[in-house]
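Structures are listed in the sections that come next.
Paired with subunit B in one complex and with subunit C in the other, subunit A is shared by the two complexes that follow.
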Partner chain A sequence: MTHPEETTFHLPDLGEGLVEATVLEWLVRPGDRVERNGPLVEVETTKSAAEIPSPHAGVVARLHAEEGETVAVGAPLVTFEVAAQDAAGIVGTVPTEEAPRRRVRLRPPEDE
Partner chain B sequence: MSPAATGRTGAEAPAPPATMREALNRALDEALAEDPATLVFGEDVGRLGGVFRVTDGLQQRYGEHRVFDTPLAEAAIAGMAVGLAMNGWRPVPELQFDGFAYPALDQIVNQIARMNYRSRGRAPMPVTVRVPSFGGIRAPEHHGESLEAVFAHVPGLKVAAPSDAPDAYRMLLQSIRSDDPVVFLEPKARYWDRGPGPSGPEAPGPEAPGELPVGASRVVRSGRHATLVAWGAMVHRCLRAAELAAEDGVDLEVVDLRWLKPIDAAGLAESVRRTRRAVVVHEAPLTAGLGGEVSALITEGAFSRLAAPVQRVAGFDVPYPAGPLEPQYLPTLDRILSAVQRTFGA
Partner chain C sequence: MTTDTLQAAVPLRYTAPDPGAEGVPVLLVHGFGSDFELNWVRTGWTRALADLPVAGCDLRGHGGSGKPHDAASYTPGALVGDLVALLDALGTEQCDVVGYSLGARLAWELALAHPARVRRAVLAGFGPRDAFAGADLDDLESDDSAFGQVYRAASRLPGADPAALAACARGQAAHPFRSAPAPESVPMLLMAGERDDLATGMEDLARETGAAALRAPGRDHRTAVAAQGLKKAAAEFLTAQAAVPRG
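So, the complex of A and B:
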């Protein structure tokens, strides 16, 4: 289950009843590796401009809109290539093994 | 479908050690293959293959009559298992997350746990209720709980909590093959861990000589100064703590309890009679947690040898916190080491 798989991110509902957004500037290009919550794209709605963070860690496979193009909420925005392991957990995150950290030091018992 | 996920790797390349979820997938695959009465069902287990991919590919292989999706209704999932078991099936329902197990408790406690007793043995309940359990994946509320003490308190249920991939494989097959109901708590935080060594058909199965029986604990690290007792994901953390303790010249034993009902009282006593000190570690809140039961069993079985009161390191007596607070809630290495030091009398 370590083969990469593709997952497509659709333009999320930006709230306030907005049904579309215009791509102002892509902050990634196909082939770029992105981190989860890293900057992805800047979009503009009739209310404001907003930066959308990446929902996945992975490699950008395809962008589905040009800069200046208007995209409907729910339409494909970016396709990522992600490790299947990362994609598999629908809720929560895959724990990472961190180097053990400690403050407490031990003294062996005296009665041995 | 990758070869690793199917458990059918062929002869080309040696498969890497399976992750725990792959090992569980193989166990389910084997259980479905060996007994046509085995059924796997629950929320998203069929078409999706489970939110953690534990049932990946099983519906394609065994059809939607044997591996099927249910409504989001845990009481119905557990209740369905009761009726199916009474009619000769061997149900393996999944409750998608521990926090969603509460609606199923009525069926589990009042029916699954009691039916064999109530029917004087005429209606056994060969049901294995799989519950992705415990914390460590920073999930939202209701997606990380430690219910082991709730289930272990119910007469008629067996409760399992494996700590690594090969053992998860063996214990799940053992549970499904058992004619008694088992609540099988899978440590979500270890789903992606590859465990020590192979799992699946190439590893010793439950029928292999030397296989641990239901209810047996195992020593996963030998030591002489104190015994750490844990289950599920906390076994791994205790092993880390033991490595740190070794840097200070302190030699810790780690016991993986494995079965939380029945509890291996003899195994616990054997270890602590040697080390003379014990620390029980669990994720669930301290008060009325299973650590109290384990502590009592150790005291009863090793009292004359104990050099210090048995210590407990547990979650705090608060509702299970949101993801960002998990590292503060779960027993830390420092809390475990401090408890060890307390058993040394300082």
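So, the complex of A and C:
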């Protein structure tokens, strides 16, 4: 099956105990094709400003908030049309780009 | 990008470019009360600059770096010293530097003190006006100046060390910014939100130094950091083929 299916992305947990965010600026419009991890929307919280990337590739079907509107964590943010197989198993979280974390010394200890 | 800690008198948590990444590294210097992750990763800057080798650190007093409590540890010279130590550790002879707010002031100081280490500089969310004007730096908890509000917002973020942040403010304020002398032979791009009170006079500084200046419509100091237009302009400035002429 390759016909498009709709999937809705909800405002992810932004951490720091924040329960809502305000849309600063949409970086996509309905009809736009977006890539996974492509810039989607800029939001403002009481603590900071952030850019939320697209959790998957697809075509933007609908935006669920106007610029300047406040959205609760977990509320619908944007609906995509995605290829059917891509829709399977999608969960409403932001893809993380966690860098590998190592803790090594750049310089050897002086007693070596 | 990989994250690591530079062991020094004040340990510095830093992010290094991927090994083998080609081109002039971009050193990202965050603002007061922020850190590399908040200022550059969550705002989409590292995504916007993904084609370039990106490096940066948590400034001392911030994020995962050491947090001394004495103001003398936070002079512009001390903070710039950390940046130079990081460039040395990364084996980076010359970088492009992008700073936001306090980070922009440090980018200026880095270019001024070490012009050979800086190819181009982007100064964002920054102006020549004293950022600490009217602030009572000995009582920031009840100070109602513009900076007092910035301090309190920063000191309430998870992991923040209010005493270190207050010491950082005092260390910076003891050495007010001066627009002369300006860094020689380092092309600069200045940018800020249209309503950024901390970037007052940015256009004057641009005229004095021959830098280009750009404003993000509708944005203030806190929200301009995520503005797509600024990220794109910075990326274009840093990837332009020929050196950008001054004046």
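Quick note on the criterion: the second predicted complex is superposed on the first by the 88 of 112 C-alpha atoms of A that agree within 3 Å, B and C clash if a C-alpha of one lies under 4 Å from a C-alpha of the other, contacts with A are read in each partner's own complex, and residues count from 1 in each chain.
Going forward, contacts are C-beta pairs under 8 Å (C-beta built on N, C-alpha and C of every residue); 3 or more make two chains touch, one makes a residue touch a chain.
Everything numeric here is computed off the predicted structure, so don't read it as measured data.
Engineer: With the two complexes superposed on chain A, say which partner A:Pro39 touches: subunit B (first), subunit C (second), both, or neither.
Structural biologist: So A:Pro39 only meets subunit C here.
Engineer: Looking at A:Gly31, would you say it contacts subunit B, subunit C, both, or neither? Reply first, second, both or neither.
Structural biologist: A:Gly31 sits against neither subunit B nor subunit C.
Engineer: Once the structures are superposed on A, label A:Glu16 by its partner contacts, choosing first (subunit B), second (subunit C), both or neither.
Structural biologist: Touch status of A:Glu16: second partner only.
Engineer: In the superposed arrangement, does A:Glu51 touch subunit B (first), subunit C (second), both or neither?
Structural biologist: Touch status of A:Glu51: second partner only.
Engineer: In the superposed arrangement, what residues of subunit A touch both subunit B and subunit C?
Structural biologist: The overlap between the subunit B and subunit C interfaces on subunit A comprises residues 100-107.
Engineer: Mind pulling up the subunit B residues that touch subunit A in the complex?
Structural biologist: Those in contact with subunit A are residues 2, 4-5, 19, 21-22, 51-53, 56, 97, 136-140, 143-144, 188-189, 191-192, 224-225, 240, 243-245, 248-251, 277, 307, 323, 333-334, 337-338, 340-341, 343-346.
Engineer: Residue numbers of subunit C touching subunit A in their complex, please.
Structural biologist: Residues 1-7, 15, 34, 38, 41-44, 46-48, 89, 153, 156-158, 219, 222-228 of subunit C touch subunit A in their complex.
Engineer: Inside the complex, what are the residues of subunit A that reach subunit B?
Structural biologist: That would be residues 1-3, 84-85, 88-95, 100-112 of subunit A.
Engineer: Where on subunit A is subunit C touching in the complex?
Structural biologist: Touching subunit C from subunit A are residues 16, 24-25, 27, 37, 39, 42-44, 47-51, 53, 97, 99-107.
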